[in-house]
Amino acid sequence: MKRKQPVKIKKTKLAKSFGKAPGTVVYIGEKEHLSTKIEIHDYTKDSYNITETDNIEDAFVFKGNDHTSWININGLSHTKEITRIGEFYGLHPLLLEDIVNTNQRAKIEEYETHIFLVLKMMYFNKKQEFTVEHISIVLGKGYVITFQESEEDIFDPLRSRISNSKSRIRNSSSDYLGYSLLDAVFDNYFVVIEHLGDKVELLEDELFNEKTNSNITQDIQSLKREILRIRRSVLPLREVIGRIIKSETDLIQEKNKDYFRDLYDHIIHVHENIDVYREMIWGLMDMYMTTISNKMNGIMKVLTIISTIFIPLTFIVGVYGMNFEYIPELKWKYSYYVLWGIMFLLFLALLIFFRKKKWL
Amino acid sequence: MKRKQPVKIKKTKLAKSFGKAPGTVVYIGEKEHLSTKIEIHDYTKDSYNITETDNIEDAFVFKGNDHTSWININGLSHTKEITRIGEFYGLHPLLLEDIVNTNQRAKIEEYETHIFLVLKMMYFNKKQEFTVEHISIVLGKGYVITFQESEEDIFDPLRSRISNSKSRIRNSSSDYLGYSLLDAVFDNYFVVIEHLGDKVELLEDELFNEKTNSNITQDIQSLKREILRIRRSVLPLREVIGRIIKSETDLIQEKNKDYFRDLYDHIIHVHENIDVYREMIWGLMDMYMTTISNKMNGIMKVLTIISTIFIPLTFIVGVYGMNFEYIPELKWKYSYYVLWGIMFLLFLALLIFFRKKKWL
Amino acid sequence: MKRKQPVKIKKTKLAKSFGKAPGTVVYIGEKEHLSTKIEIHDYTKDSYNITETDNIEDAFVFKGNDHTSWININGLSHTKEITRIGEFYGLHPLLLEDIVNTNQRAKIEEYETHIFLVLKMMYFNKKQEFTVEHISIVLGKGYVITFQESEEDIFDPLRSRISNSKSRIRNSSSDYLGYSLLDAVFDNYFVVIEHLGDKVELLEDELFNEKTNSNITQDIQSLKREILRIRRSVLPLREVIGRIIKSETDLIQEKNKDYFRDLYDHIIHVHENIDVYREMIWGLMDMYMTTISNKMNGIMKVLTIISTIFIPLTFIVGVYGMNFEYIPELKWKYSYYVLWGIMFLLFLALLIFFRKKKWL
Amino acid sequence: MKRKQPVKIKKTKLAKSFGKAPGTVVYIGEKEHLSTKIEIHDYTKDSYNITETDNIEDAFVFKGNDHTSWININGLSHTKEITRIGEFYGLHPLLLEDIVNTNQRAKIEEYETHIFLVLKMMYFNKKQEFTVEHISIVLGKGYVITFQESEEDIFDPLRSRISNSKSRIRNSSSDYLGYSLLDAVFDNYFVVIEHLGDKVELLEDELFNEKTNSNITQDIQSLKREILRIRRSVLPLREVIGRIIKSETDLIQEKNKDYFRDLYDHIIHVHENIDVYREMIWGLMDMYMTTISNKMNGIMKVLTIISTIFIPLTFIVGVYGMNFEYIPELKWKYSYYVLWGIMFLLFLALLIFFRKKKWL
Amino acid sequence: MKRKQPVKIKKTKLAKSFGKAPGTVVYIGEKEHLSTKIEIHDYTKDSYNITETDNIEDAFVFKGNDHTSWININGLSHTKEITRIGEFYGLHPLLLEDIVNTNQRAKIEEYETHIFLVLKMMYFNKKQEFTVEHISIVLGKGYVITFQESEEDIFDPLRSRISNSKSRIRNSSSDYLGYSLLDAVFDNYFVVIEHLGDKVELLEDELFNEKTNSNITQDIQSLKREILRIRRSVLPLREVIGRIIKSETDLIQEKNKDYFRDLYDHIIHVHENIDVYREMIWGLMDMYMTTISNKMNGIMKVLTIISTIFIPLTFIVGVYGMNFEYIPELKWKYSYYVLWGIMFLLFLALLIFFRKKKWL
């Protein structure tokens, strides 16, 4: 019952675009109420300007000068403003749809005047919560526009590099800025992956330390789901970056392609790590199964030892509890002590048997 | 016995085309008795005409004018009429066979004057039942013909867009109409996939909440089968849409190819989701197995605790139930109370043992 | 012991060709004693002749005329006659070896004057037994030669189509005849696959209906083996038909290639179905395992309930069976009834405990 | 402890070449003490000469004449002689290293004057032991040199064919001789594979006949290992033969390529069989698991039936073994018989209960 | 808690480069405190010079002469000196970053004047500990520079070969030196793989010898992890060496490419072995599961045999322990002996039953 609700919410979410004409710009995501904030970094080798505004038209000033501009748009729910900036920079309607559709998988599209990238950002936010965010990057001649769902700090180191006039970023063109943005996104992938590895190792420890409780199945399954989710985000990135490298666009200078090749390497590395952790998690499940089986064995051993020792002894004492009138042993004076002796020997014999069976 | 029957029905179904000359147009499906209904939307930018008829010849009027026509044919069992329209529009006999063979998998075939597509529609009908339907689309210059098994409402939003003279569909050529039809079909895939995801999550909840009954294996297996079925329908779509994009036909304008590229993205997205759910279902089975094993462990623990406590105690009381004439303890006044004391200590010792074993 | 024998037979079988020079035409198969029967259908649009004979030379008359001839040779053990017809029609020695080697997998070889195909036929014979048969097809200009192990009826519908002067087969060249033969073979694949699907479903039903007996593992394993066997036959067909389509031979007219493309579709469809059933069978094994585990749980529950109730009670009655002289309760008049009361309360308490554990 | 030794031997073996300059010809294998025996078959259509010698220089006479020579060198440990023949025939140093390194996987290398092949022979030797042997083949114009570890009889049928002046081998060039050698090697693969299939079937029988002992896990695992080992040998052969077919060398005549194509088919066939047996062995493991589980179920049933019947009965008789002074039933004359009746009814009730549970 | 720490250390490690500008040369590894030692082997056919120094500038002397120089740099934490040598030899900044980033996976990059390779060395150090080390190789015209984390002895045999004026290495150019270095690295892979194989076999032995303790799951899981780790290092090597072979650089002479082809073969061999061991380890887990299940069966059998024999007997003796006044058997003189007879027969009957069930 409790579960049903989020499911319904999802259906509502989807319903927003369902049946609409393709190319309709409808925000599909969960951060509805955030207003659109615009942050513009405009710089040359020598000058640096930073503007923060709520008015989308402030962003139009920077087009066409010989500066490099990074226009960072936070908040995707106000689709009207997204549409306006799209029109101003000549973006294709389908592309605008992708910007505001947070279900869109990573992809790249090349146009004459710009390259369009959709990615997933993954990071731990200030509260150390795992966060997946939709980000779109438009890389044009002299400008880079980024569209984010909410204002986050993963670009902070980049901001400080831009403010430093001696940084390579200030001395390079917009393609290097684009590369730096991607590099910042991918750096966070490594953090996420490493965190995942820690979780796998923690679970492994728990399993070995026999501190297993019934929740471990849930932990393994939820880890599995998380890994599948990350994998789905990373999977298309290989192709995305690969296509930038092979692209013949003049938006990316030949000398800067090495940087993108480096990104490609990073992605493959992330990918391989994910696959390794995936196999390890499957292995955990197997380990858990053997742990359960071993425990059951332990329980059964105790039961069997106790039963095997005492059931025959109980039989013996039962024999002499019978009320037959003629049981000669009953009359004999030392019967009781002899019986204890016999029972003790039987007990010893069984102990030796168990030791030989390696149950003790 | 009950089961045998549907199997026989299937064989009869197959028998219809079995041994016949290839190219023979025989309806293979389960909706035999439906008459063929034709619905024609004929429009230009400025005009819009809708015709509903039972007479196939009414559809021939619209060929050759400079309008765009969407001829929607519902009901495939009257193969004669299908053959007639096929002959009128110059469709290949094998193609007609594919239209009426509901077992045909998705495929694309390019001809000089038209492109032929076979697809599976998947949707929840008005009664919220999961429905798979065979649909064929012939995309020609100025016309699109669709062949459906039964009249359903997944194209309703499309119909209303056509009736709106300002919609892009009214202002575009027949290839955009074709795209819109495919888009409507694929939108429903997402709904189906999402529904699947809900089911997987519900099953997961049930497993965690220990509300497991023996039917859960059936649920998992039937979910697995459903996923395999959907996957089989989606698998060839990738190639189908990929071939439209790479096609050099002039039936699809270069400027509209972007829309088809978008469809391609959608299909890959659907595909990835299916694979994720598939892995999750396999994981569910594993989880269920560990749940069973854990339960067994619980049962065994109870049995072992009870047995381990009471079997030795029963032995002890058995000893003093023996009828030997010389058992000194029997005569001693406090024997009974001392024995209770000993048994209580043994009981405590075993409790401590179980607590150490973490069984309590 | 019983098993050893077929194995030895196999070795003998292999020994026949073992160590012989390659290209030696030795029949490798199990239908040794069948004589070679020849059946010749010679037809044009207007004429139709059918000849049945034991004399291989009767087949040589039909070469070179402008008719189309289908020469069907049944029985492969008389290799001399196979060799003679091979020499007459200019077939390569290695090709003759393939015709009589029933272990040969499906393949295609193109020669200047003919195309050579090896296939496996799969069908249910008149006695409804699953049969796999080796068939070779030589497709030349104006003639098609088929080599079968034994005379079977899967080509009967084809024979009646040939006898009908208005059929497409009578109005087409030998490549259409070749296609029709392949189509007949593939139609039977669908029947076999469907039968397989029925078996899978029957097994599933048995598992659900708890009618499980220990043979079900055997059934599953033998089903698995059967599927692997069919898969091995179907696997190379994709390439075989694919190569016909891509071939530049003039033996197959361009206009008839569509028919072969259709065959290609059929093969992919068969292939996908096999993979689905394969996954389902693997799923059955899992289901069976959980069924066993569930049963074990049921058995354990009964044991645990009975033991947990009666072992403590037996201890209690044991206590008052002791022969101590000073047990005050023994003397008290209502002890017996009070004890029954206590035991009944204990019984109730355990019932409540089991109900809480959901074991009852 | 016993196990450690072969491992150490292996390390010594490896140590031989470890750290040496690449191209150093060091024998790596286990048949150290065998002297090098040379066997030369020199033939034309009309003449045939066979020479057996220990002196490597006897082999040099046959180079350059217009005969075809097969120089078969047995024993690889005398690397000096290998080096000498290598120098005489102009073989690359790395190639010599491969000849004497029995760990080398199958490969092909083309040189201007010869083609070099490394293979694994697999066969059952005269004592019916499974043997894997390293063989290198140098195929040059007019000569074929084979390097074997030990003299074995798998080429015996070939020897007799060579001695027969009417055989195709006598009438063909050295490439046909090379093909015949490969064909002899591959024929033995089929024998090995078939033997493997027999083993799988035997194991399956054992499992079904319930003759399972604890060794079956070992049998399955060792079968698995054997299959992995064969697979590793066969895997590269596909590429090796494929490259001969695609090769543009004039050492292999175009008309003889068909023979190599036939070999390629054989290899694919072997490969497919291995994969099928592999899947079947994995299936065996599953079957074994269910067999164990079924047995456990059987054991549990017996335990549960006995316990469930006798534990309550034992409780009842315990009640009347109590020594209370006031148990009215004890005094009643027919109590004993009535109690037997009650216990018998209880016994019957439980039997009916078990029959309903299908445990009996 | 104990576990958390290494995880934190890792995070610190990563943090070093996190957020920095790409191309920043920061050492990422664990061997911080090692100073940079430089070892230069400068040789021609006739001369040989070896220099060991701490001063990076000593390495600059050797550039440009017609000798071949091997500059081996040990210790990567002093990034300044790495940067200086990088600048001197014209290495790309990103390349320097890869040299000091020990997390970098194997890769190859071709530049006009040099080829850059990153690899993982795997070996057992002098203390026989498994060690993975990061190594970068810069192969230029007349020089090879290697960057290692710590000074190790795997290149010792190579050093002695260089000192021998008649070795091929002294008579070849720098590409052969590069090959020899790679060959030394790969030789150690074989040792590691072989060691892994020994471990797998040891575990298998332990499983068969029933010396299983609960640690075996851990051993299997850690072996699995080790294999995944090695696999991740080996995986990219295939491509790395493959690209050297396909490269059109003039840094590697055509006649020496055969050596690299040989390396390629080695890598594939390593790869196949890893995959075989991987499958074997998965098989071990299965075997372990069946071992546990078999043990459980053994335990259950003992329990069931003991219970089945003694529970009915205990019931019987219980019957005659009842205190009814009228039990005729109690009075009869031979009752006791007859009862023993009956119980002995029951005992025998059960033994026969167990023998038939094959439990004894």
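All chains are identified by letter, namely A, B, C, D and E, in their written order; residue positions are counted from 1 within each chain.
Going forward, a residue touches a chain if its C-beta (ideal position, glycine included) is under 8 Å from a C-beta of that chain, and two chains touch if they have at least 3 such contacts.
Each chain and its UniProt protein: A, B, C, D, E = Magnesium transport protein CorA.
Worth saying up front: this structure is predicted, and the values here are computed from it rather than measured.
Colleague: Since chain C and chain E are copies of the same chain sequence, what is the angle of the rotation superposing the Cα atoms of one on the other, rounded to the nearest 5°?
Modeller: 145
Colleague: Provide the C-alpha centroid distance between chain B and chain D, rounded to the nearest whole angstrom.
Modeller: 43
Colleague: I'd like the Å distance between the centres of chain B and chain C, where a centre is the mean of that chain's Cα atoms.
Modeller: 27
Colleague: Where does chain E touch two or more other chains at once, residue-wise?
Modeller: 289, 293, 296, 300, 303, 307, 311, 314, 318, 321-323, 327
Colleague: If each protein chain is taken as a node and each touching pair as an edge, is the resulting graph a line, ring, star, complete or other?
Modeller: Topology of touching chains reads as a ring, each chain with two neighbours.
Colleague: Going by the defined touches, start at chain C, step to chain D, and keep going round the ring. Which chains appear, in sequence?
Modeller: In ring order, starting at chain C and going to chain D first, we get C, D, E, A, B.
Colleague: Which bits of chain C are touching chain B when the two form their complex?
Modeller: 156-157, 161, 167-169, 179-180, 183-184, 187, 190-191, 194, 198, 201-202, 204-205, 208, 258-259, 261-262, 265, 268-269, 272, 276, 279-280, 283, 286-287, 289-291, 293-294, 296-297, 300-301, 303-304, 307-308, 311-312, 314-315, 318-319, 321-327, 357, 359
Colleague: Which of the residues in chain E come into contact with chain A in the complex?
Modeller: Going through chain E, the ones touching chain A are 3, 7, 10-11, 14, 18-23, 92, 94, 103-105, 107, 210, 214, 217-218, 221, 224-225, 228-229, 232, 235-236, 285, 288-289, 292-293, 295-296, 298-300, 302-303, 306-307, 310-311, 313-314, 317-318, 320-323, 327, 329-331, 333-336, 339.
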